[in-house]
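Read through the structure below, which is laid out as structure tokens, and then see the notes.
As written, the chains take the letters A, B, C, D, E, F, G and H, and residue 1 is the first residue of each chain.
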Amino acid sequence: MTRTDLLNEILSSVRSGKMPVEEAMQRLRSLSYEDLGFAKIDHDRSLRAGFPEVVFCEGKTPEQVVEILKRLCARHPTVMATRAAPEVYESVRREVPKAHYHETPRMITVQSHARKVRKASDRTDKNYILVVSAGTADIPVAEEAAVTAETMGSRVERVYDVGVAGLHRLLDQKEKLEAAKVLIVVAGMEGALPSVVGGLVSKPVIAVPTSVGYGASFEGLAALLSMLNSCAEGVAVVNIDNGFGAGYFAHLINR
Amino acid sequence: MTRTDLLNEILSSVRSGKMPVEEAMQRLRSLSYEDLGFAKIDHDRSLRAGFPEVVFCEGKTPEQVVEILKRLCARHPTVMATRAAPEVYESVRREVPKAHYHETPRMITVQSHARKVRKASDRTDKNYILVVSAGTADIPVAEEAAVTAETMGSRVERVYDVGVAGLHRLLDQKEKLEAAKVLIVVAGMEGALPSVVGGLVSKPVIAVPTSVGYGASFEGLAALLSMLNSCAEGVAVVNIDNGFGAGYFAHLINR
Amino acid sequence: MTRTDLLNEILSSVRSGKMPVEEAMQRLRSLSYEDLGFAKIDHDRSLRAGFPEVVFCEGKTPEQVVEILKRLCARHPTVMATRAAPEVYESVRREVPKAHYHETPRMITVQSHARKVRKASDRTDKNYILVVSAGTADIPVAEEAAVTAETMGSRVERVYDVGVAGLHRLLDQKEKLEAAKVLIVVAGMEGALPSVVGGLVSKPVIAVPTSVGYGASFEGLAALLSMLNSCAEGVAVVNIDNGFGAGYFAHLINR
Amino acid sequence: MTRTDLLNEILSSVRSGKMPVEEAMQRLRSLSYEDLGFAKIDHDRSLRAGFPEVVFCEGKTPEQVVEILKRLCARHPTVMATRAAPEVYESVRREVPKAHYHETPRMITVQSHARKVRKASDRTDKNYILVVSAGTADIPVAEEAAVTAETMGSRVERVYDVGVAGLHRLLDQKEKLEAAKVLIVVAGMEGALPSVVGGLVSKPVIAVPTSVGYGASFEGLAALLSMLNSCAEGVAVVNIDNGFGAGYFAHLINR
Amino acid sequence: MTRTDLLNEILSSVRSGKMPVEEAMQRLRSLSYEDLGFAKIDHDRSLRAGFPEVVFCEGKTPEQVVEILKRLCARHPTVMATRAAPEVYESVRREVPKAHYHETPRMITVQSHARKVRKASDRTDKNYILVVSAGTADIPVAEEAAVTAETMGSRVERVYDVGVAGLHRLLDQKEKLEAAKVLIVVAGMEGALPSVVGGLVSKPVIAVPTSVGYGASFEGLAALLSMLNSCAEGVAVVNIDNGFGAGYFAHLINR
Amino acid sequence: MTRTDLLNEILSSVRSGKMPVEEAMQRLRSLSYEDLGFAKIDHDRSLRAGFPEVVFCEGKTPEQVVEILKRLCARHPTVMATRAAPEVYESVRREVPKAHYHETPRMITVQSHARKVRKASDRTDKNYILVVSAGTADIPVAEEAAVTAETMGSRVERVYDVGVAGLHRLLDQKEKLEAAKVLIVVAGMEGALPSVVGGLVSKPVIAVPTSVGYGASFEGLAALLSMLNSCAEGVAVVNIDNGFGAGYFAHLINR
Amino acid sequence: MTRTDLLNEILSSVRSGKMPVEEAMQRLRSLSYEDLGFAKIDHDRSLRAGFPEVVFCEGKTPEQVVEILKRLCARHPTVMATRAAPEVYESVRREVPKAHYHETPRMITVQSHARKVRKASDRTDKNYILVVSAGTADIPVAEEAAVTAETMGSRVERVYDVGVAGLHRLLDQKEKLEAAKVLIVVAGMEGALPSVVGGLVSKPVIAVPTSVGYGASFEGLAALLSMLNSCAEGVAVVNIDNGFGAGYFAHLINR
Amino acid sequence: MTRTDLLNEILSSVRSGKMPVEEAMQRLRSLSYEDLGFAKIDHDRSLRAGFPEVVFCEGKTPEQVVEILKRLCARHPTVMATRAAPEVYESVRREVPKAHYHETPRMITVQSHARKVRKASDRTDKNYILVVSAGTADIPVAEEAAVTAETMGSRVERVYDVGVAGLHRLLDQKEKLEAAKVLIVVAGMEGALPSVVGGLVSKPVIAVPTSVGYGASFEGLAALLSMLNSCAEGVAVVNIDNGFGAGYFAHLINR
């Protein structure tokens, strides 16, 4: 039942006198968000935009995550949770059996209905997001971006371990780079890959710095600054290790 | 004459023996970029993508800027220069009479041919970029974004001085916010505006921190960090005061 | 027995010759503070101002905390300890049976006499402090502020999980915001909430940055800088995660 | 004419059919703020709260400052402008003859009506704000705080040059410290004064770090961090050199 | 046997032909330092100056610490080791039975000969070093300073938990402060104590910032910057938590 | 079989029609790098330059490290892995029996063929790299540099624990310093050693800051900045704790 | 007339009834400090300790400096002003004819009485402070230290331009280094000199980082961190460019 | 006259009794360095190594620069001065007529004898240093490197304006890159070029970050961190804008 249907039903009941105004107010408000005390679950936005609802697990207790996910699954066909430790998933799947765990990006996705997460193998969609990673250690962040965009409904292609120190590995993928509608480029250490990719294509490049590195990488600061100062045109940046944000932003462009 | 025509001509001349291979090599290379010694002007990319070519004036002498602009104008219908001090413009307009100066964003644009820069008043295009600024002092950066996107061919709308401390000014513009295809949000000081705007729309938001502020704003660092940590989904960030980068990125999405 | 009574008694004894001057000096000094070697417990200030005495547990051994609390409870009707790990509480309650543990903010409170800590349900006081938190993960810091102010004697109301990315959740609480005498606004990540709240009310807003976030939040630095640069008038800031400081400061204004 | 009167008039005209709905909409909106293009002047808030309206001059052209001040003075009895260079004042006073310039804090105040700015000599009000400065070089920031609070209507007392290296100068003022309702403590360099003052009184202390210092003061960072980490209870902090913010916040507590 | 005696013996043997030049060279060099491969133990300096030799344990394996201490004890009457974890001490005392462990500052001292470490109770020496600490949590660093100076032979007095938020606790000790020849002031958080102490005495004050604090204390950075910017004359600073350095420096002045 | 031989074979097969073009393309590409999905192993560069191939283990799972090492060992006579935890080595040696573990620098080296890693004892080569370390705690980084250069084929000499506070230990080694072709100088804390060494020799000095230190060393930042600002000519710097990078760079100069 | 004499006179007058108590209170207070409104001049401390009084000119107007100096000179035989621009001196000497300007350290000294500032040529005092500078550009800071200590009455010797990159220049001065009672070592860039000097002597070394350098020296931060992390024992640090603080501290030790 | 000749002469004179020992000592010492009071000119090192002597002009008065250059030119065939403002050169050339000014890198070189600075056109030397710059604004720093190495006697080739955003401009120069013996790569903004170049060649790459950029480049910090974290092997880094250091280091490798 869509939000519009619900609205119709409530308002009709009010007009017909079947539902008192106070009750209608209460239900309309809960259409918009649900108040659990420790959290106010925002149903409105995702219903309107057709996006899955997302839970950021860090800083929440497993009990809080489970409670929020249950409420969301009751209303939304697709729900995601990011930064979910394996223990959190253990708690979740007892209560939400359809929950699926993605180990590398540590994400939980729940598809209540028939629509499946797109896989990279689903190549019927001409428009796709290309996720590029500089090194093997950047893959968890890259996968967070990829799984996010796929769960939202975008086709995603992946090109991993093509750091700038071995340029031929990247140049070999030039066709794939040029055919993408939007690119996500994930890199730690010196974070130079988005500049190089940005110079090769004329599509939006979303740069994701990672905390991969040591010493003067200062937990991803070096890569972040590098990407913010990119001399290539058409590059924008998200927070360090924020694969989710990049996947979400890319889907907004791609859909 | 397009790049394809030029290529055809050169290759035909080689086949017919009219042009020696060495000369052809030289001309083909210069199709791609022109070497001035202090600069290698990249003609290839903009010709291919149909984008105007851009010169960043800081750190270049007026003579260098003039020389580069002259070469670019010889081949490209539209050319831009950013961060151009009034003195630089004085030097430029003596040699490039069609050059136009935008005082607030300190930009030079040259439109060699008929196509004009779009104005916000040109509202026939349903797809537009909305440039939002938090304060009056952020307007020069906002205008750099707006003029860049307009010069590239996008319709741009502006909403200025709607900082988060007076939320009703922003909420009054909700229709304009929702109807935009992509938004550029420019803010200094605490840089909170992109998070608020990002929560109101489900379109890509490009956040531009500015160096407006004092004390612990640390020349825009506070706004930059704020924007990178935005709790709103769908926000990506460019460098401090980088209106040009935001305008360019927005146009890539909007076209 | 109040400080004034004690003073009277000592001075009378001196005058009557019952107490030698040296002993009186010693006792008068200990009225003011008690020297445990590793700590000089300051009795004077809280007796004078009627505030509970507070122990910051970090960096102290459980034995030191127990010893200090015992001395304080011997003289003060209300005592608090902040940043108390569960193990510390275990040690404390063996020696101080009236000690109560608040799990979420990890605080210990001891009410020796009849006066109870106010609860939010105690709504007879027109003047109240409103504690607002941006996200679920900020609640431990928000609760430290709330429990501190309640233990000191203020009425406290709570509004949690109303971050700026879902503005309607906050605007729904506008009446509660406007009726408060002073507000404490707790937020991590980009720390934008105090600016938005500060723009909605004309009361003092105490902003508390939290270390909630990742990457370029730099353990709360982003939120801290954001709040210091707030464009809203009437905002002052305390240290990262310093819920106690905010609660104390708010009570000073509210009483 | 108050805002309520205006509202009454407009709504009456609509009901009587004298004013079309569109015109009423337009006028109601402008009651709230006025749109100059480069600025949206917020009349609503100050009218409602009875506070003077404030213009931050940095980053605005003199023409913009003059235009905004003229609009504000047309509706508000008291208007302030901060960080106004002498040149800006020169432009202002040609158009706003009642404008008064405070040289030390570089502020402009305009009192359109009879109510005068309180002076420290006006000692009839028992409640006062005490502004304390550590050094002579901190006085411009201290004066910004003092003039702000006075312009808003608070009684202000001043104690200057009582830095912690000469404690007796401060302790001599203990009575004045204790009698204040709220204190503003301004210090650069190591910023230790608010901790010492906070330990002497049981009133709210607003700490203002200044950029006074050199070397490892890093333009006020040392003082800022010092104040945020104050071991004294009851201290909150505003931005470096933000005398205005401290004065405003203090007045909110004091009124 | 002193270094001079050894030199005499070696050189006499060379002159008399009893010792070949190569052997003499080897022995002379080892007089100066001993090469263990992983460490070059410097005997020369401490023999000459009469100071105990010091081993910094962090970053060394327990085996390395034991080996170095054994070599040092073979030649020096007094040896110290700082930052020694309890496990390191366990390894040490098996091989160096005279080793004594100081739990609070985590130091090992070895007094091979009769001369004992001075205790604070040894008050026959008019010249003494006063170690002052701001809080209870600063005591481990303060004790590192105190034990270092005592082991080197200075009389040390202690005044702990006299932070600036309760000034009367400090002022009560004014006589002790004024009578000291040199003062070590240890403080975390805002690090204001050295400025206040520096203003009360006209003796050299060695300021030791500690990592005690949280949030914007940034592991002692706030206290460090505060102390470097001290407005009091006669204050110099050592590294964060460097009690040893302060104790050593103070002894150089005091002896 | 060398790369040239392989190329010859493939191309001959294509010409003779024995190998289809597609297969040849595939094999040629894999000559250059091998795609494992999570990694693209770059064979080309090391084959061409004769260098061992290197695996950085941090951020890779043990399974990934094992897989990459097996592929590399199948084609390269010498393979190295850096930052390998003992557990990683346990996994590796089960599959790669020739793997050798260097405990101090936590490296794995595999020499498939007869050529052995040079030892410092192999002193037939006049050209050598000298690795100098300031303290005992810097040795793991120094050994990473030394083992890297030795594995690549350079003669390496070592001088350890010659920090600037005991200059005579360093000056004693002056001949060894002057005879080296290139020097690697490893130091934590204040990082002063490269400046002093750089002043003693007229050879390239590669400075390696280490994270050895505490407090204001900020995990090696102090040493890094110190080395970047060296007043001695002929000093270049690598990342904090990057012994591998220094060893590699030194070998490029030395060979 | 000394402070003791003044006290005697005042108290005698009170006892004899010649001076009312109120007047005595007033005069006694002004013995201690004088209140100019913008400054509270502290006479007490310097009179008691026999030190010259010091004015830090930065952030004060020339008028304020002149006024303060005149008051000080009326009571103190020796007065200093630091960071005095030539223009400030011009204002000063009109009102204080005995004022002497030191161009290199930009200091003003006033010797009202016969006692002259010691010169380095005055070598009758066995105890001296040695000021060592690393480079020519560090001399202004070194001179601030030297002139300060000389004005306070210490003998000062100078050794300039002996940076660590040319160690023989320093080692040539070893006798002078060893004979000093306390050393001030001034260095910019990598700030390594105090560690080297600290290793050569067993006297207190006061390290002064300077802002000399560029790039990653970050205005003296590199030198500051270097000095704080000195591996040499017996080194303490003052603020960047704080020659005055070093000279003052050294005199406290030396006298 | 070489140093050896001078030594011979002096020692002969001593043996023959013509020169007293004291005078010989004096002259021998001045062979090594000359003491001007404000500077100790180091003649020894450059004479021994055959390198030109270098003066860093920043922080020195024009008079000091002139004096030092005159002394150096009296003994050395080649002398350089870096960071010389045009005014400094004006002062120099009056006293040192052979001085030549390089405007772009702001350097002075003096060739007293016949040997000329090599020019890039001098291509007889197979070994050369290649200086690569990312952008036009980086050229002053690149030229400082090039002129330094040329003045020392190396052949230098230049490739300018080949930033990573237009990779084909760089790849076109691949032969030149591969044939160089050592490469200097100069880049501002994100500083990605050294990583890309390092991946293309197997020669030492000296990376020079420049302060070119704005906003989050933080005066070259972004480029510096980027280069320190280079994922390419064989990259070492010098200070921001330190073209001189790179040129010197490259010459040490190249000669």
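Quick notes on this one:
By definition in this document, a contact is a pair of C-beta atoms (placed from the backbone, for glycine too) under 8 Å apart; a residue touches a chain by one contact, two chains touch by 3 or more.
Note that the structure is predicted; figures quoted are calculated from it, not measured.
The chains that touch both subunit B and subunit H are A. Listed options E-G, G-H or A-H contain a single repeat of the B-H interface, assigned here to G-H, on the basis that more than half of the contact pairs agree by residue number. Centre-to-centre spacing of subunit C and subunit E amounts to 38 Å, using the average Cα coordinate of each chain. Annotation: 28 Å between the Cα-based centres of subunit A and subunit B. Mean C-alpha positions place subunit A and subunit E at a centre distance of 54 Å.
For subunit E, the set of residues that touch two or more other chains comprises 45, 135, 166, 199, 215-217, 221, 224, 228-229, 233, 239-240. Under the contact rule defined at the top, the touching pairs of chains are A-B, A-C, A-F, A-H, B-C, B-D, B-H, C-D, C-E, D-E, D-G, E-F, E-G, F-G, F-H, G-H. Against subunit B, in their complex, subunit A makes its touches with residues 45, 48-49, 51, 54, 199, 202-204, 206, 224, 228-229, 233-240, 245-246, 248-249, 252-253.
Taken in their complex, subunit H has these residues touching subunit B: 135-139, 160-162, 166, 168-169, 172, 212, 214-217.
On subunit F, the positions that touch subunit A within their shared complex are 29, 32-33, 37-40, 42, 44-45, 58-60, 64, 209, 211, 219-221, 224, 239-242.
Interface residues of subunit F facing subunit G in the complex, by the touch rule stated above, are 134-135, 163-167, 189-192, 195-196, 198-200, 213, 215-218, 221-223, 225-233.
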